[in-house]
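In the two complexes that follow, chain A is the common piece, with chain B as its partner first and chain C second.
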Partner chain A sequence: MSATTATAQAVRLGPVSGRLRWRSVLVPLTTGVVLVLVSALSLGRGDFPIGVGDVLRTLVGLGDPSQAFVLLELRAPRIVVGALVGTALGLAGALFQTFARNPLASPDVLGITQGASVGAVAAIVLAGGGGPAGALLGGLGVPVAALAGALLAGSLLLALTWRSGIDGYRLVLVGIALWSAAAALTDWLLTRADITDAAAAYVWITGSLNARTWDHALPLLGTLAVVLPLALATSRVLGVLQFGDDTARGLGVRLPLAQTVVVLLAVVAVAVAVAASGPVTFVALVVPQIAVRLTGGSRPPLLASALLGAVLVVGADLAARTALPQALPVGILTAVLGAPYLLWLLVRGRRRTT
Partner chain B sequence: MTVPVVAPASPARRMPVRTRRLLGLGLLVVLAVVAALASIAVGTRSIGLGDVWRALADPSLATDDAVIVRGLRIPRTVLGLLVGTALGIAGALMQGHTRNPLGDPGLLGVTAGASLAVVLAISLLGVGTPAGYVWFALAGALAGTVLVYAIGSAGPGGATPLTLALAGAALSALLYALVRALLVGDAQTLDSFRFWVVGSLAGRGADVAWQVAPFIAVGIALAVANTPALNLLSLGEDVARGLGQRIWPARAVGLFAVTLLCGAATAACGPIAFVGLVAPHVVRAFTGPDHRWLIPCAGLLGAVLLLTADVLGRVAARPGELQAGIVLALIGAPFFIALVRRRRTVGL
Partner chain C sequence: MTQVLHRPPVRTGPVRLAAERVRLAYDDRVVVDDLDLELTEGSFTAIVGPNGCGKSTLLRALGRLMRPQAGRVLLDGRAIARTPTREVARVLGLLPQTPTAPEGLTVADLVARGRHPHQSWLRQWSRDDEAVVAEALAWTDLSDLADRPVDELSGGQRQRAWISMALAQGTDLLLLDEPTTYLDLSHQIDVLDLVFRLHADRGRTVVVVLHDLNLAARYAQRLVAMKDGALVASGTPAEVLTERLLADVFDLEARVIPDPVAGTPMVVPVRRLR
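On to the complex of A and B.
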């Protein structure tokens, strides 16, 4: 892309005028198209390949029942969960990185996904060991335990950072402390567990889309339907927050409210995503960085990050199911696909700032 | 990161900077000595300081206490001092060079490279003891950082702190993905790996301390030599260049020191993230941004933290032990959060 496409253009439509940057429109559009294509491809591929024509027929309700079962009950939920998880993680990563003005500030580093891991590993490990805590956690089930862990970590992050407002720097420092405590708890639970439980827990903390059903997708869909529009609505405020707290206050932003809303939205998005799929690492860290390099703005774009996250997770899942001899959890593939891409962008990139 | 938060000068803290630094340094030295003595005396079998002294003064003494002190406790304490110092200094260097409060020394691919090498050693070669992991972990750590440097400096802008940090994060994620791919289907390897990855001083003899000591010594020397340059660099690269500082050699020396220190520490004890992250933030509260004070103080605090955690781990779960890495994070995290909240942390 040349420099002319990266700069903003003034657009005037009758009484309405605004700035329009073509790349920040083109990138989400292209990404959306890619997402649809990858999802369609993913629907047809697998142990039981189904042609494009049959896929389309089944989607409009004309296919035969066995194909309908495979497509609508086995593959579609998995793809939808993957896309939603990717959306949530990409969005949350962009929110955190913009808010903390730090490209390394992702929910993985700030302890939220680790909190979910503690909940899930405790549910897996302690349920086998008996005792009241084990019975309680086992009864809740792994997804609910993970959700509780993530929300607990998120509220701790918010509460402990709060001092008449949320300072991005303090958020990051409190976050790494929470991360290291939660990581230590997870590791400790793993060393205490029976090795079969530990192996099962290890698969969970890698992040997997195996055997996901519509029951996993619906809560995620409902939450994102609320969180995504709200997050996009904060986009303007986020842009102002970038100039620093004093400038933002001077420009009339109600700082504590705006900060709380941004962090809360990010925490909720991460928590529901992690409860559905386990901590699919790296999406929240890498996707906003890829998105900002594609759109060429001054900060990670929210919508493009969300869509790119969805593409990365769905694509990784497709690769995990079809390209590899042994089916690996999707959390491994997101890193294997995403990391080289970010590295390549770094090697040829022109950008030197966040 | 540029959030310079200057703490308001309250009357209690109007003490001259030099006095404050000397007091802090003195306190850290005392704490390190106390922690080392406790580490020798406390354990499953408590040994009085008198017996410790007799065991040290008379090498021919062969009582049970003397054998334990000389054969187990002293090597473990020395290793704790070495590794803790290395991690604290590596953390201060890393945060100074990346100017990022999340600048964990493992970020340069050290921890991820070491983890992958250890997993390969366990699963392919059947290595199963901490002493056996040392060389594999060290080689993996060095290979990981070389890759991060190569990629981080390949871009048109050369190696900036940001590209290095991002390259490190991306490459670490890639290497961890390989680690997980190897572990997901292999419960036997996971069974050994899960005890390495928590980070512990237990079960490492004097031989491990001797193996890593030269690397740590060279790393500390390079770090100390790097401090004046680091002070200039923290004024911003342009100012530093204007003052006659050559940027790239200074960065290379500093990051090489991080690699040696953190690689050796990880090889000896497994990954212990907390020390390197936290020690510099804590001491920066009284040393200020001057790296000539920050680096030795962070090293001392690192040693204090690791030894204290190790001693607590021995006492907490008698007759078993809690690994130092776990104690450190679980007890250290609340303290650190309290510190972050109480005084306004000094920005980088």
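On to the complex of A and C.
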């Protein structure tokens, strides 16, 4: 039995026209609702529990002031940063996977998050050790150092892959090489560090939303406000890029330009996300694969991947803070929650086709 | 030595696509050198030649997938390298050898992608697009399979789907690189019948790279034979497919007899020379 595929509905309004599948509308909508509910639930949980009703009332400006302070100043930044990080990672994963025509192509595998780790760990470890490099990195601060590391890794990835265009296969190979080089560099820095620096660096490497403030959220929000619409605008071209270079060019795509734009958007999204929270692993790898199985179709949907990423990170953070006896960094939980779900979808998918 | 047998091409209209003294190379390795070729409106041309003679490379250059190191390719008299990709894609469609469709993509979606050069961010699915795609599906006999994933189709059906996409692209010119590869004989005939109808019923100018000489002779108006990156012979199948040329170009001793069905030349191999 083959899976039934919902036929697309033509939508036309004046000069604007497009095609919509009900699942590709329903999945982002449902995910959006789930995101709001999980966020509200997460906002309410903590040392001073607040019910979901009160949380929602406060969010629309009808709650009492003391609750408003706890929710908006203490808890909201953490959840907003989590949601934005998830959005950026889900989006970047979908862009990379579609572009490379390879579900393994995620910023974790391509070395970009490892690049951020090198930057952050260097800032933590060398700032303590003194010297000119330490003074410079210490002055930058961990988030900026991480951002620089990720952007540097992303630029190297682009430059080393480029051969009058970007080949998706080559991208993955170059990315894996960068990943191992960056991982070795991180390990080397960690072995040189004293024990407290190493512990701080280790927590950062795991990815954490602890003690995030609006200062972490705003740069992320600003960047995503630009990157997300641009990425959604590339969707039409991505649909053709996934056919391979010759076919895409034959259909009138300006290949080098389109490829560069897609890779740059993904690199920037990952860099700002990792700078804000540390490398929350697995989100960019698993979320697009979950999204494509929920919506059907041939490639990871961008908007649904972004929203599902947000749900996964916020949900994992909620679980890490409440369900477990000891609060764990969110990065551990995203893998623990995401992996079984993907496995379940894969197993179910195979059963359906055989 | 190969003997050059340039014959005047069958002139049916203005030249749509031309190669002028092109040299094509992968880095330092020159594959095609100093080659001239003119393709006229409404013609059906098959490029034949032994493996590695540069015929696919030539097709890539004609389709703007590859930039010549020297010389130029002209589309309607204009240098194709300087024409915007999108404009080219509205006039010239191409089907690469063994194209790949992503897993899960339906036939209808594949064919709909053919409309890409005619669409914009705002206008992604006009009534025109819808009508053209429906017509392309019907014309290639794929309407019933429209909602099936391409990866579940048989080889022959899959090739029909790609031709259907090229049809939906609505280009006057169509370049196909070995469209019958990996197909059994009856599906080869099926695909070539379809391509022939594009030429005969739809007035498309068709250039196809083919391995099978007998099929090339049966379907094409004009054969272009290549060897070692040079154009060796060009003309009607009867003019090109001679025992002499088969020996020179393919190192093949063969008899050429009339095809009992179509009357076109038919190659019956005897043995490989050298």
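To be clear about the criterion, the second predicted complex is superposed on the first by the 320 of 354 C-alpha atoms of A that agree within 3 Å, B and C clash if a C-alpha of one lies under 4 Å from a C-alpha of the other, contacts with A are read in each partner's own complex, and residues count from 1 in each chain.
Please note the rule applied: a contact is a pair of C-beta atoms (placed from the backbone, for glycine too) under 8 Å apart; a residue touches a chain by one contact, two chains touch by 3 or more.
None of the values given here were measured: they were computed from a predicted structure.
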Chain B versus chain C as contact partner of A:Leu72, first or second or both or neither: neither
Partner chain in contact with A:Ala177 - chain B first, chain C second, else both or neither: first
Touching partner for A:Ala40 - first (chain B), second (chain C), both, neither: neither
First (chain B), second (chain C), both or neither touched by A:Leu221: neither
Which of chain B and chain C A:Leu346 touches, first, second, both or neither: first
First (chain B), second (chain C), both or neither touched by A:Gln326: first
Which superposed partner A:Arg101 touches (first chain B, second chain C, both, neither): both
Partner chain in contact with A:Val144 - chain B first, chain C second, else both or neither: neither
Contact breadth on chain A, by residue count: chain C or chain B: B
Chain C-contacting residues of chain A that also contact chain B: 101
Chain A residues touching chain B - in the complex, by the definition given at the top: 101-105, 109, 160, 163, 167-170, 172-174, 176-178, 180-181, 183-185, 187-188, 190-191, 195-196, 198-199, 202-203, 206, 281-282, 285-286, 289, 326, 328-329, 331-333, 335-336, 338-340, 342-343, 346-350, 352-354
Partner chain A, residues of chain C touching it in the complex: 60, 63-65, 85-90, 92-96, 99-106, 108-109, 112-114, 116-117, 119, 121-127, 129-130, 147-149, 152, 169
List of chain A residues in touch with chain C within their complex: 2-5, 7-8, 10-12, 15-19, 101, 233, 236, 239-240, 242-244, 246-247, 249-255, 292, 296-299
Contact set on chain B toward chain A in their complex: 1, 3, 5, 100-102, 104, 107, 151-152, 154-157, 160, 162-163, 165-167, 169-171, 173-174, 176-178, 180-181, 183-185, 187, 190-191, 194-195, 197-198, 273-274, 277-278, 281, 322-323, 325-326, 328-330, 332-334, 336-337, 340-341, 345, 347
